[in-house]
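Below is one structure, written out as structure tokens; the observations come after it.
Per-chain residue numbering starts at 1, and chain names A, B, C and D are given in the order in which the chains are listed.
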Amino acid sequence: MSDSTVFHIIGDGRDKPDREVPRELGEKELVELWRALLLLRTFDERATALQRQGRIGTYALYWGEEATQAGPLLACEDADWVFPSYRQNAIGILRGVPAATVLAWWRGYGGSYGFWNPREHRVAPICVPIATHLPHAVGLAWAARIRGDRTASLAWFGDGATSEGDFHEALNFASVLKTATVFFCVNNQWAISTPLSKQTATATIAEKATAYAIPGVRVDGFDPVACWKVTRDALERARAGEGPTLIEAYCYRLKAHGTADDPSLYRDEAEVERWMHLEPLGRMGAWLHRIGVLDPDKESVMRAEARDAIAAAVADMEALAQPDREILFDPVYASGRPWTHEEALAELRAVARPPEVKPLGPAPSSGAGEEGKTQ
Amino acid sequence: MVEALNLGLRQAMAADERVVVLGEDVAKTGGVFRVTAGLLDEFGEARVVDTPLAEAGLVGSAIGMSLYGLLPVVEIQFDVFVYPGFEQIVVHAARYAWRTRGEVPASIVVRIPYGGGVRAPELHSDSPEALFCHVPGLKVLCPATPVDARDMMLAAIAHPDPVIFMEPKRIYRAGRQHVDDQPPFDPRTGDGEAWGAVACARTARAGSDLALITYGATVPLCLEAAERLSSTDAVEAAVIDLRALYPLDVEAITQAASSCGRVLVVHEAPRTAGLGAEVSSLVHERCMLDLEAPVGRVTGYDVPFPQFINEDDYLPSVERIVAGARRVLDF
Amino acid sequence: MVEALNLGLRQAMAADERVVVLGEDVAKTGGVFRVTAGLLDEFGEARVVDTPLAEAGLVGSAIGMSLYGLLPVVEIQFDVFVYPGFEQIVVHAARYAWRTRGEVPASIVVRIPYGGGVRAPELHSDSPEALFCHVPGLKVLCPATPVDARDMMLAAIAHPDPVIFMEPKRIYRAGRQHVDDQPPFDPRTGDGEAWGAVACARTARAGSDLALITYGATVPLCLEAAERLSSTDAVEAAVIDLRALYPLDVEAITQAASSCGRVLVVHEAPRTAGLGAEVSSLVHERCMLDLEAPVGRVTGYDVPFPQFINEDDYLPSVERIVAGARRVLDF
Amino acid sequence: MSDSTVFHIIGDGRDKPDREVPRELGEKELVELWRALLLLRTFDERATALQRQGRIGTYALYWGEEATQAGPLLACEDADWVFPSYRQNAIGILRGVPAATVLAWWRGYGGSYGFWNPREHRVAPICVPIATHLPHAVGLAWAARIRGDRTASLAWFGDGATSEGDFHEALNFASVLKTATVFFCVNNQWAISTPLSKQTATATIAEKATAYAIPGVRVDGFDPVACWKVTRDALERARAGEGPTLIEAYCYRLKAHGTADDPSLYRDEAEVERWMHLEPLGRMGAWLHRIGVLDPDKESVMRAEARDAIAAAVADMEALAQPDREILFDPVYASGRPWTHEEALAELRAVARPPEVKPLGPAPSSGAGEEGKTQ
């Protein structure tokens, strides 16, 4: 598990010692970072519970990957754009996207209920088709360069995503055009049931950077401070016009792929246990206590704040009425409804509305149920 | 239907060792829908393979395997995820026979669990079948019952040409039906015979007043709509399950249209340039004088498949089918 | 037409610095068809870029650029080569507005030189337009004259939604026509107005006995066929140039159909689930009672585009159009 | 031009000395190799002339790249499959495909005139869409392994092809599955008008092998013997179950991209001159004379044989009638004609046949002419 090529700062209480904290991170920043972890964790646990209760649909949990999300996000400038996959589905809440909006997305809401305006938050919509958002991150940073702005872009994706052609095309474009893009790969060593060894012949993801003559960096994906640091360095490099960086956040998927997934079918839960102690919230929390930045009172206050924030979001989500069915047509085109939509609306209005959809599980006519849903 | 598909795969693999199964998460877990469950244990990891996550690589390798004489069955995990492999299907699989004097077709089956109605997250519910029907060189099948699912799977694998096998995930677990253990024909040699038996339309319900022409997940809905029309409107609607989407069973279509004089086509995919348009054109071209009304279409709307809280507003429902039928009947 | 397209691009780039041109070999050489010739010198290498050879990366980066507020125009070198970028177009470009509450559409133009008749090598002659018309969220345009080519280019670039811009390479250098130097509207603000002016059908020839409905490279052929019919059959055929393939100009289509009572749709793409099927369905659904014959279709056959020594056997010809028209007239 | 990382055997008469000939290559083999070069060269020059005369359509010449074709092909066992791109369009003639068939393909003939049965020659059809044939080569070798055969596969592609997603997906599949596949990249430093520097940020193509943990080998693409040797080594490795190899044949595109292309628009012909002396036919010929394997008489006999063979092929091609128009339907489906074809045939037969197509340039109704054609 320990690997000298993997950069870390927070010790693991075993063979990894604590390392020096980056200058730029004062107490305030460290607390903010932990607050972000806490918020993401609280969201994830709540969302997972909501799914079990049938109050949202299939959910892609990220429990244990918070460091790979909060670290890079806080390392970005506010003007930088981030491109999440389904796994970073809640990243927007660190950029002002209402948590209720993200929950609504999982509850099956679209339009202004489940989507946001990316320009408002510099957060792209959650990307479901693997690796297909990477070229978007490249194009955005490329455009910023054309406009003479210092804006950079960051895209998250998994180890499995590195097998897709879009991963390759995006990194190649970025390296040739020297776009200010950070490719942040969360190597949790699993793509649903497919282990890293069946995904790539390389020992690491970072070494794939060689194919693009860009730096490949390995970082402890359970260490939020280390994730912050390598991302900040990559962004500085990018802004200096030196081009993109591929970051491999080495970690392990501690939970199921999604609520529809049963890992016992394909992996040994004992292996999971070997990684569990690295879980970032506890790890950074203990460290913050160690270095005297956090104390029990402060922690419980922060935990309460996070709980309340997410509880309020859940309430907001549940307060949402089922969207009017005409939402189907609004807005497919920014330029307004073509006649095909007007006609469709007439057909739609001519029949009574079907009974309200409950997020829980399968549709009446269906049997597909919870399994058979990835993200 | 899942069990029937699984049975078809098992019988094909048992009968012919050239059959291999490839896809993302098909081996160890047996696929996210469990269609390939148990195949790994029964046939081993050389023939049932979890591949890297790349659809062009997946379909492209299958084409290469078929060049060498294997019969690969590829699973696309969900409809939308076929698009990265689209080029391999429409340029290569579709044209291999043509580019080799008909001597080396790409004998692959591409399984695509498709469509909505299962409360899936965004981008898991497309119905892309019409795209494949517009591309010459492909055959497109779509079962609506467990028995057809098993028989079509066997026929598709035995068939020399590339088959796009659309699996309506909404009825994956609906409509239980006994599927007997004996394959209906010898999977190794059954091609022509087997194909003929399933690559044609099926009359799912007899009727003489109106023909509901459909396929896949909307077949049970049309049957329900037909019952409703029978009891409330005293109209007897025939329900034609197309089964083969390319080539279409034009005899069955025109026969039903001419005998009923009124036709409604139903599918889940968007309307414009969908299969409904093709069926409608075929009927008008051939049966104009027998028609008492223009062919109607009840389809998905020309919008992206919605988030699931609104999917029932998008999907053709029994109500929409009945309403569409009445428009045709009242013309 | 090439010069007109080039003029449209130049005028759009001069008027709005957000407009950028990306593609394989578009800058230094000005594209294999020279549509982008001179743009590099005039607007510099930041705005006219030769990209690496990868269509998904190309279309995908353009989408990212539009997110940031640029207006990218992407060149796909030839029709068949759009397929590797298909996923980016149908999943992302088509759905960006929908996934962002309509606030951030993918404002890109994807230029696709398409179709046959230029004696090109294998796999350089596809007509994939129907595939894009079946995907909600896209707009599809296709010019048939130099003036339309210039005006449509300006309109497409000004339009907020993603536009698939089909360029009929067969008439790239045919049908010379004066295109005046003044843009017909202010390229920066002309959206609605400009769009309305070109995203509608055009009556290329008036006639009352038969409506020939077509677009792109088959427009001149239909005009020739109409002249032939006029002189030999004393039949006056209207020729409707659709120009907008999605959304179709249903008023113009039904108006022509109702007034003529007979309709023939002509296109180069394969027949099954092609645009001809959609036009035929629309006409029958709306004008059944005005029709004296079923709508006819003269299209490419359901086969891969042939090697060029046989392409004239595949392509709709004046003879085939006239024969098809007579079938409709003699019904 | 000279680069120590680039393996060569035949000296260039300047800074590259002659190196020792591989044991396996006796006089007979060397003569066979040169004969293959000569046949390919003769075909290419003849085809280029035929295009100029309007007797075939646009043609993708490969003048100067014969070493990258003949070397690898002769290094293969007869049972190995090869997958050419348009650039290796005539490779089949070294495997028994009639040269007339290849010429007919360029003349616009399909069916049994312009295509062959790949199983008969273990030569896949000419691939036009860049890099899309690479996954086929992987699947073929994979299938051979499943069947327990020692058959390997080899695919050719260009430097530009390395930017496509299919290149990446194919190499990743091959490396994970350890298929017996040789990826032979002809780095002629141009993709139509796009120079290597705009295609990739790496200095070489070979180093991209790192991303797949497979060997990347650089070889002098103008040296047929070196191309033979590195391919043979890669094939042995592959058969031993050690997986694929990426070979970069470093050379330079000495002619236009195709007959429709005008390089003066984008490159300095002076640069071309600097590479011209490496042209493989002359280079290997001089070397064979140097080492006493070839003498003037033998050479002129061989040249005459090649000329006659191609002349005969041209005659055969020209003897071809325009295929019957029903060839359109034969055979799209191995299983026979669907009703859509029967109906189309009726429509087709109902009209008189259009005038015969002449390969020369544009169609009457067209103006697209020669330019605007790649491969």
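Methods note: a residue touches a chain if its C-beta (ideal position, glycine included) is under 8 Å from a C-beta of that chain, and two chains touch if they have at least 3 such contacts.
Being a predicted model, the structure only gives us computed values, none of them experimental.
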item: Contact-richer chain pair [C-D vs A-C]; value: C-D
item: Chain of greatest Cα-centre distance to subunit C; value: A
item: Whole-Å separation of chain centres (CA-atom averages), subunit A against subunit B; value: 35
item: Subunit A and subunit C, separation of their C-alpha mean positions in angstrom; value: 39
item: Length of the line joining the C-alpha centres of subunit A and subunit D, rounded to whole Å; value: 45
item: Overlap residues in subunit B, where contacts from two or more other chains coincide; value: 51-52, 54, 56-57, 80, 83-84, 87, 91, 98-99, 122-123, 136-137, 246-247, 272, 301-304
item: For subunit A, residues that touch 2 or more chains besides their own; value: 110, 129, 132, 163-166, 169, 172, 176, 198-200, 332, 338, 340
item: Residues on subunit B engaged by subunit D in the complex (per definition of touch); value: 20, 46-47, 51-52, 54, 56-57, 59-70, 72, 84, 87-88, 91-92, 96-105, 107, 136-137, 139, 159-161, 191-192, 195, 246-247, 250
item: Touching residues on subunit A, where the partner in the complex is subunit C; value: 81, 110-112, 115-119, 124-125, 129, 132, 134-144, 146-147, 151, 153, 165-166, 169-170, 172-173, 176, 330-335, 338-340
item: Touching residues on subunit B, where the partner in the complex is subunit A; value: 24-25, 28-30, 32-34, 50-54, 56-57, 77-78, 80-81, 83-84, 113, 117-124, 169-174, 217, 220-221, 271-272, 298, 301-304, 306-314, 317, 319-320, 323-324
item: Sites on subunit D touched by subunit C in the complex; value: 57-58, 60, 86, 105-110, 114, 126, 128-130, 132, 160-161, 163-166, 191-194, 198-200, 260, 262, 265-266, 322-323, 325, 327-329, 332, 338, 340-341, 344, 347-348, 350-355, 357, 359, 361-363, 365-369, 371-375
item: Touching residues (chain side subunit D, partner subunit A) in the complex; value: 163-169, 172, 175-176, 178, 198-203, 207-208, 210-214, 243
